[in-house]
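The structures come next, written out as structure tokens.
Two complexes are shown next, each including subunit A; its partner changes from subunit B in the first to subunit C in the second.
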Partner chain A sequence: MDKVMSNKKIIALYVLPALLVIMAVVYIPIMLTAYYGLNEWNGIGAMTFIGLDNYQALLSDGKFWDSAWHSLLLAVFSAASLMIYLAVAMVLASKIKGANLFRKIYLIPMLLSSVAIAQLWLRIYHPTNGIVNSFLESIGITNPPAWLAEPSLVLFALFIPILWQYAGFYILIYYAALKNIPASLVEAAKIDGATSFQIAFRIKLPLIMEVIKVTIVLAVVGSLKYFDLIFVMTDGGPNGASEVMASYMYHTAFRAYDFGYGSAIGFFLLVICLIVTWVIRKLTASKETIQYS
Partner chain B sequence: MTLCLALVAAGCGSNSSSTGESGSGGSEGDKVTVNFMHLWPAGVSAGQNKIVNQIIEEYQKENPNVTIKQEVLDNEQYKNKLKVLSASNELPDVGVTWAAGFLKPYVEGNLFAPVDDLLDGQLNDKFVAGTTEAYAIDGKTYALPLEFNIAPVYYNKAIFEQHNLEIPQTYEEFKTVVKTLSDNGIAPIALGNKDRWTGSLWYMYLADRIGGQEKLAGAISGSGSFKDESLVKAAAEVQSLVDGNAFVKGFNGLSNEEAKSEFLNGKAAMYMMGTWELPNFTTNEEIPQEFRDSVGFFKFPTVEGGKGDINSWVGGPGVGLFIGENSKVKEESKKFVEYFVTKWGEQSVTGAGVIPATKVDTSALELPQLYIDLFDEMNKASSITLFADVQMQANAAETHLNMIQALFGKAVTPDKFSEEHDAAISKGN
Partner chain C sequence: MISGATGQLQEGRARSGNGAGGKIGYALLYIVLIGVAVFQLFPLVWLLLFSLKNNQEVFDLPPLSLPMNPRWENYEKVWSAGNISVYFLNSVWITVVATALTVILGSLVTFAITRMKWKGSSFVLGLFMVAMMIPVHSTLIPLFSIFNKVGLTDHPISLILSYVAFNMPITIMILLGFYYTLPKEVEEAAVMDGCSVHRVFFRIVLPMTGSVLATTAIINMIYNWNEFIFVNTFISSDMFKTLTVGVQNFIGQYTTDWGAIGATLMISILPILLMFLFLSDRIVEGIAAGSVKG
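Let's look at the complex of A and B:
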């Protein structure tokens, strides 16, 4: 086996099929998108090469930067909510009663499809019959807001189901990481008189730091390219108050039939995601990984 | 063993081919397959789907050498697939298209065949006036319409009676109706403006009644301007309706379906929508009989001092059939389309509640009263303005729809609303 693996030609042969597939379905389309972005194209007729005009227009497009701001807000909220998930995972990973049941409860939203979640929350937020407004009215608040129709509220009303949707995913990751910490370390700390607070912050957190870094990247990049719940629940409205970068790209390409400009937005979105990922890796880079064993 | 099988197979083959020869003595031509792509899946559009299958079955019986191969998709998927197919030049022989703005890029890309020869032939004078024009570009018609819709205001008679309200004849009366309902805690108008074209209907009617049909049509086509005083006034009037709580709460966050259910549940008194909703108010058994019986409609009232005519409507043809310019079986496809349009016209009202673009002899059909009344109105119509978002090119339509939502949400002033429209339309032309 060692001999086979050291033969460069064999390695190339094994890697090739996967490489070809990923080139065909990922990298070549990305290059094409970048190229379409250089053209004026309605998706049907002939393309006209216009150089960097689309990208230039994008830089001064207020609507795009609004949508980028909304995506960024979502990223910040997602990243912040990771702390809550971490706390929940820590509680679940300690030996409390019913942890098993709670773990499943938290995971269930992840099993639902986005469209089902969207339909569910559309009903929750319904301005007159929704459970939120029915409750608010029952405790004496007259004229509660129409959550998804109020430009100042809609974005935050959407963040709740989006964060709720992914809670189970991150809790599961943290839970698995925490369970991986050898019990002997925690026991040794206990014998030395560490409080559970100290155990959490001095032992468990440093040990799962690598996992936390990965989840931050996942949450931020996932938020920047987020699309589905927003598309179903508000379609970017009202008046673009909940438009994010991905939905703006969709509207430009598939509604206004401006595929050139839509492609430019898509490529720009990719560039932003790459830069953000790089920055996060830089900021969270540590010289040594901590190991207690 | 292999030899045996081969012999059997050969035997079968020769048998069937010999019967084939003897059977096909009378039929003309070779076997032809016509690919037909449409958007009426059995689940969502049961009525239409049944008619399509019936027509195809009959056609194949009459023309044994022709096979019609169907491909059925949902509305949105259909639009996307058509786009993808057109990029690789693989459009079906016959397919469904929308009018005006949707059609234009396909025609410019030389993808649809003109059907003027059909219109001059068998189908001459079969269509309701003004329907095929929506599919014409530079004097040639590129598709044959199947549906025709106008948008009346439906109202709940029970709610109107309860509050002693009459059908408003003038806009002042309409505003009184709105105020009375609103004061009594009933949402006057169901509107799902998340979909945006729903709000566009209200603006279009106000523009039509205040400025007159020509003003509105001119502004949309780019020869006039949305900055015309009367059209700006129409936009301002929309906002004063919003201020008067005329529309259901949270309308900018509700989809048309959600708004419709407010009307169907008797929570809202009025609902402006195309005649494609008629089955829900007449024959649809899933909706309580009591409610269906209490639905009436009225024409959008005239505005004092306005130039509009009460018999002027907003509406237009829905989908139509096109024939692929690059189809290998163009002649057969044309024959099939001609047959389909004729049969569709005979069956669609009773079978699916769809009002066809071809002329209908109402006296020969058993129809609910609401249908008959609306057919009468269509015959009296002084003009029909095509839905603005259909008429405009995709880019301008998108601006129009976004501006409509912003206007209703009071995020733009009527002046800004008009400016944006003019800018988008002049850019598109």
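Let's look at the complex of A and C:
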């Protein structure tokens, strides 16, 4: 048995194809990103090694810090909106008939491509014919804003479709976690005279705290690398007001043909995401300590 | 880790308890839930409606009015004009090939890691799992230059390789959970009888994993169907573009024709919606299982 099941040739045959693909497409490019970041390069011609110049330039690049600030704002919005999702999931998990149908309906936008969502919301925000402004005009507000062309509004306007896209995903996760709480715990609390609010905040919340931590970091990491929807809806505009880190990297490399500097941004993005992911692991490491019964 | 299935199991038990809120509270809860459902569905209903109207009807009639004569010709128009049908077929075959490769290669790796004995198996598993944390964008520039050097930019192989690589970790993660629960007795007996490893894998183990294969295939399909940045960066010829980028370009040319835009978007999301209609339980399961990908 052991002899058959430790045949090296067969193991190599089974593992190597997938391993080679992720080496070639994930690990080697990541190392190259770090290396390109140390060079001046337009993507076609020769590379010139310039050491840490790109990273130094990054530190004093106002546009980059603006984009990082916008990414951070999105991360904060996303983390804050988790409270809404959690509240909805709590309602959904409280002996609601048709809960399964509701959570499926909520999930639908999450399944659609960011491009389709972006194009749809471009119409929704259309200055004259979109449903938002049609509605505002119909209740007597004249001259409603052109949401996506207004530097002070654009990030908030972009956040609504993001909320729309991910609501079902987080509600689904919270709902599953809440349903995992043994009914006996809740029953016991009721017998002891706990109110619904006490049950929600004193019993259910602490029990799903690990899941909440994971979703916070998911929302934050997801926001830090957010790209597609913003790229399609505003392309970072107007005048950089909705530029985020990933779109700034894309514009630097594929529009300004500064591949070296773009790589430095890409590497910075990687480091931030890894730091936050490290935080995920720290937070989820204590998972086993929660005992349900 | 986060399981939808176990949640459902306990639904019945939770429901048997007695509510403290009373009827009014209960009604309020429903209003909240229905409100969220309306928010989630309203944009899509509006999209369906304006995809069946012409500009005049879009601008002059109330947003939720039903089209007097549904203008299916919008769909015919965008399907035949432009390259939407080409993009659609590209999306279909690239999604199917990448998904099949990911699921097969992922199964082979998972089998080797859970069933075979070798040094370094946990290190290799670690490599696959760590890859999950790496943001796609950080690999984009080198990937573009590598594909460019080997002549694979503007070629579907660049997309398929990228999709296989970036969906491999989540696929293996979901498969692992299932493989660990599979009983080993049948395989052990088969090996005793002189069955080869290939036979054990293809004839015994793989057929037992049908349900989890379906789950992983579905989430792979959704990711691949919706992928945008790789197509946008690597592909320049219309003949290789998929729907996400194709729709984006097509709409760029027809910015004023609302019916055509609506029909294009509907065509691009319809396959996913249909899949959801028939396989929603499995999709919910897959999304929950793949939640770490975010």
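Here, the second predicted complex is superposed on the first by the 251 of 293 C-alpha atoms of A that agree within 3 Å, B and C clash if a C-alpha of one lies under 4 Å from a C-alpha of the other, contacts with A are read in each partner's own complex, and residues count from 1 in each chain.
Keep in mind that, in the parts below, a residue touches a chain if its C-beta (ideal position, glycine included) is under 8 Å from a C-beta of that chain, and two chains touch if they have at least 3 such contacts.
Treat the numbers as computed from the prediction; the structure is a model and nothing was measured.
**Student:** Should the superposition on subunit A be reported as showing a clash between subunit B and subunit C, or a fit?
**Tutor:** After superposition on subunit A, subunit B vs subunit C: clash.
**Student:** Classify the contacts of A:191 with the two partner chains as first (subunit B alone), second (subunit C alone), both, or neither.
**Tutor:** Neither partner.
**Student:** Is A:147 in contact with subunit B, with subunit C, with both, or with neither (first, second, both, neither)?
**Tutor:** In the superposition, A:147 touches subunit B alone.
**Student:** For A:139, select first, second, both or neither according to whether it touches subunit B, subunit C, the two together, or no partner.
**Tutor:** In the superposed model, A:139 contacts neither subunit B nor subunit C.
**Student:** According to the stated criteria, A:240 is in contact with first (subunit B), second (subunit C), both, or neither; which is it?
**Tutor:** first
**Student:** Comparing subunit B against subunit C, which has contacts with more of the residues in subunit A?
**Tutor:** Here the partner covering more residues of subunit A is C.
**Student:** A:254 in the overlay: touching subunit B, subunit C, both, or neither? Say first, second, both or neither.
**Tutor:** Touch partners of A:254: subunit B and subunit C.
**Student:** Touch test for A:43: subunit B only (first), subunit C only (second), both, or neither?
**Tutor:** Touch partners of A:43: subunit B and subunit C.
**Student:** According to the stated criteria, A:127 is in contact with first (subunit B), second (subunit C), both, or neither; which is it?
**Tutor:** first
**Student:** Pick from 76-84, 166-174 or 202-210: which stretch of subunit B gets in the way of subunit C?
**Tutor:** Comparing the options 76-84, 166-174 or 202-210, the clashing one for subunit B against subunit C is 76-84.
**Student:** Pick out the shared contact residues on subunit A: the ones touching subunit B in one complex and subunit C in the other.
**Tutor:** 43, 254
**Student:** Spell out the part of subunit A that touches subunit C in their complex, as residue ranges.
**Tutor:** Against subunit C, the touching part of subunit A is residues 1-2, 4-8, 10-11, 13-15, 17-19, 21-22, 24-30, 32-33, 36, 43, 88, 91-96, 99-100, 102-116, 119-121, 123-124, 129, 131, 134-135, 164, 167-169, 172-173, 175-180, 182-183, 186-187, 190, 195-196, 211, 214, 218-219, 221-222, 225, 227-228, 231-232, 246, 249-250, 253-254, 259, 262-263, 266-267, 269-270, 273-274, 277.
**Student:** Would you mind writing out the residues of subunit A in touch with subunit B in their complex?
**Tutor:** Residues of subunit A touching subunit B: 42-45, 122, 125-128, 146-151, 154, 234-235, 237-240, 251, 254-258.
**Student:** Report the residues of subunit B in contact with subunit A in the complex, numbered from low to high.
**Tutor:** So the residues of subunit B in touch with subunit A come to 80, 83, 86-87, 105-106, 108-109, 111, 193-194, 196, 248-254, 258, 262, 267, 394-395, 397-399, 402, 405-406, 409, 411.
**Student:** Which subunit C residues qualify as touching subunit A in the complex?
**Tutor:** Going through subunit C, the ones touching subunit A are 2-4, 6-8, 10-11, 13-17, 19-21, 29-30, 32-33, 36-37, 39-41, 43-44, 46-47, 50, 58-59, 63, 105-106, 108-109, 111-113, 115-118, 124, 127-128, 131, 133-146, 161-162, 164-166, 168-169, 172, 188, 191-192, 196-198, 201, 222, 225-229, 233, 243-245, 247-248, 251, 258, 261-262, 265, 268-269, 272-273, 276, 280, 283-284, 287-288, 291-292, 294.
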